[in-house]
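What follows is a short report on a single structure.
Labels for the chains are A, B and C, by order of writing; each one numbers its residues from 1.
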């Protein structure tokens, strides 16, 4: 179905049409218990081991609201410069699906806890963009279906599904933007930068681990096109569950190209939900539900209204962390990075990683060298984000410590890094397992040098006579003999000593 | 001996147990014997649990022998409506869709009953998911009124009322969404109390309409109801709508009422809950009871609640709307019945629809469809939204009335028990049974039904007392006073005039 | 006169995921018509100046501390399941009607 989709090259598309975005971001809060019951929220636990009768929606159960989740929602709202509702209620969103145990989702409908906010984000080149926030509301996550039989891993053709309700009831805050206009060709960049901004914010607020690869942060991206900025808004599509910054950018790009082709052909864009395919980089239409628009919302009678006192709201306002932009300026000063260097760090999503690496003992320059060098290349090759690499800031600091103490040279350090990334353990463990330490035992080196000199008597004579040109050949032989684990500068010193030139 | 024990009040039984004159095992066995003798005719129970009940009784007896401090009702057996979740004991809510479901947890009120050491005799019959006023909508057969086995025992809690009325249990638990405790009490000559909304935890009650449901006592005396209310009531953190404060002193209020003195108590007769539609025999019994109250020193006046005339309509929008959502979880995916479609692909969506089509009875389907309609796009404001406004108006009526009087009174139900099958094909006529009980649920205020005597057809009539929210104690004082004065005039409890149920029989009780 | 047609009942039954027979559809259309006509009375008094009441007793801010409790065992969780596999609930194919 997708192979035949017509696309207009992106640059042409944005030449002829003005893209408008709308982004809904769901963040899973990092509470120890669920939104409406005491079930634990440990990630990766065995299926259906993190459920109570409430999480399973058994007959007779009632929800009881997690106060910490409300607090987190208010803090998120405040950090987004939102108004906090004087009084708001939960509502039931009624629809049938096996992953929602009650066949309704407890959410907020016309009374969100936070509304009318804004944030100012920065694009890679430092251009500021203001995003207006419509609302932020609380709701619960769904369970997970695993499709079995038929084509593996695909909904279509599956013969049955297995459902795990561990995730059902995890608290979510959904943040909805107002239409984002005026981005022009930079719409994909803006979308990705906004999601990244929120991810950083959730971490700064300490309301969520905000790990994209675990689905802690999920974006639904609405895209529409119109002939010009003066035209009314066009028909939008909503691409669901786009779960990395890069994918957000690609999904917007794809939808702009696809919708432009639809409009060019004289057809109209269908308002629909679409699925993002990470592997092929395309979107495809979701299921068209006849009752999609009739969720029969009504106020949740089992939960009482939330009416945050103004004193509480003020108190929570006092707990807000630095605004990310201000924090970046501060860190840049502390680290002594140039503007361009800092921008690269920010754009690579490496601010937190470098901060943690420095906190673990590395110098800012060394931390930047690793994250923006070898690791950035690895992430790019793997098509992933830096933070998703299987290595921690502490491990980087440890690795740099080994270099600083002379136990590793640069070449060996890169090999150790590869070992850590390959899951072989900590840098120390990799050094031990692979035997990668710099040979610093002079006795062993002297023996290796003497052996090399004896093997190449002509060269030895030349050096003895003061012609230092061929020293490299002896060093090379020694390095080869020690499998690269010698410090080349020290080898050179020993060669000269042994031939009486030292 | 058995019959003697089963006819005593729970308060009396508690006294006998405390005095060591009877053991809980004897008491429990006496009720199990009575169930074995008469439940074939009455069919009050869906499930009887002799082993569990006797095990609890033995533990309580041992603890009493050991000198442990026990709850006053420890050892007194109880029946529980099947809408209440009981760990390890089948719970169906009277529906095929939950046939065979054994819950892995207890309702809070069951936890409290168990903590008090009260043996649970079994689970009582009810209209499916508590939708009905006659228990004829049970998927497991009718319950029969002990006064006349051809008549309905009321509903939805006909099983609990009949169990208590037929001496198959001294106490029972009911739930009341629009009258399901009070109306069965009225038509079986027993006592039923719907507490203030939030007085008893709803955790573990299979929800019908969340903003209306409330569990409460089903007993033969007002004092017993107060005793049981104090066991099951009080704050529960698992129910967000549970009242945070402690219960008012209910047993003390009942004992005060038993003195028969109501001097200075202002009693308001609700104008709108009388007149046309109420049987003459019901009206006569009600008027006679008012005279008794007057004689006890109460000041009787008439109070108008002008919006009560719209209560039934509001109720039959709010209830189906909430029920349509509450009952969505019964879909054959996680528990209960799963039915495959007769043809075509067995997708989750189609299996859900087939399961719900086969597992729900007519009345449940009717109300789910009605509720789905009332909530659906374009109709919400006209139906559900308007009903919520009527709810406000009814609350205002109550607030104004309670500025003038301490309690409001009315007949509990407009008629005595009607014949089985009589109203089954006329939903609206069936709904009218609840016309006097529904306003309390809409406003969240407490209500009690106590027998006021027999109608001219020889069947029991219920007298309803309503009090302001959180003032449940007033129900018990006024109810106990009326009860003691009436019984004094009759010379015996009303139930002593019910026909003997023979152990043999009968037609009926489809299983 | 008729406000709820047979087609409307069929639509609602779809929304509510209940298979109804032809006979049920016909009967329910008639019954619901009468009921809806009766309950529509609420509109007579539900004027704009009357606020709606969603909860009978007004409470606010009822929160639970963020503390994890002992969950069910997997066995308990699955104890009522019509079908289960590998610690999970087994359910029929989802969205298969598109396959």
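Following the convention adopted for this analysis, a residue touches a chain if its C-beta (ideal position, glycine included) is under 8 Å from a C-beta of that chain, and two chains touch if they have at least 3 such contacts.
Note that the coordinates shown come from a computational prediction; the quantities given were computed from them, not determined experimentally.
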| item | value |
| --- | --- |
| Per-chain Cα centre nearest the global Cα centre, belonging to chain | C |
| Interface with the most contact pairs, given as the two chains involved | B-C |
| Whole-Å separation of chain centres (CA-atom averages), chain A against chain C | 38 |
| Length of the line joining the C-alpha centres of chain B and chain C, rounded to whole Å | 24 |
| Separation of chain A from chain B, taking each centre as the mean of its C-alpha atoms, in whole Å | 55 |
| Chain C: positions in contact with at least two other chains | 14-15, 17, 54-55, 59, 62, 64, 72, 77, 80, 89, 91-96, 99 |
| Multi-partner residues of chain B (each touching 2 or more other chains) | 101, 103-105, 211, 237, 240-241, 324, 328, 331, 333-335, 348-349, 352, 372, 376 |
| Multi-chain contact residues (two or more partners), chain A | 53, 56, 58, 64-65, 96, 98, 103, 161, 163, 294, 296, 298, 301, 303-304 |
| Residue ranges of chain A in contact with chain C within the complex | 31-33, 37-41, 46-53, 55-56, 58, 64-70, 87, 89, 96-98, 103, 145-150, 155-165, 287, 290-291, 294, 296, 298-299, 301, 303-308 |
| Touching residues (chain side chain A, partner chain B) in the complex | 53, 56-65, 92, 94, 96, 98, 101-104, 161, 163, 293-294, 296-298, 301-304 |
| Touching residues (chain side chain C, partner chain B) in the complex | 4, 8-9, 12-21, 24, 28, 31-32, 34-36, 38-47, 50-57, 59, 62, 64, 72, 76-77, 79-83, 89, 91-97, 99 |
| Complex contacts: residues of chain C adjacent to chain A | 14-15, 17, 54-55, 59-69, 71-74, 77-78, 80, 85-96, 98-99 |
| In the complex, chain B residues that touch chain C | 101-105, 196-198, 211-212, 237, 240-241, 243-244, 307, 310, 313-314, 316-317, 324, 328, 331-338, 340-341, 345-354, 356-358, 360, 362, 365-366, 368-370, 372-373, 376, 382-383, 385-393, 395, 427-428, 441-444, 469 |
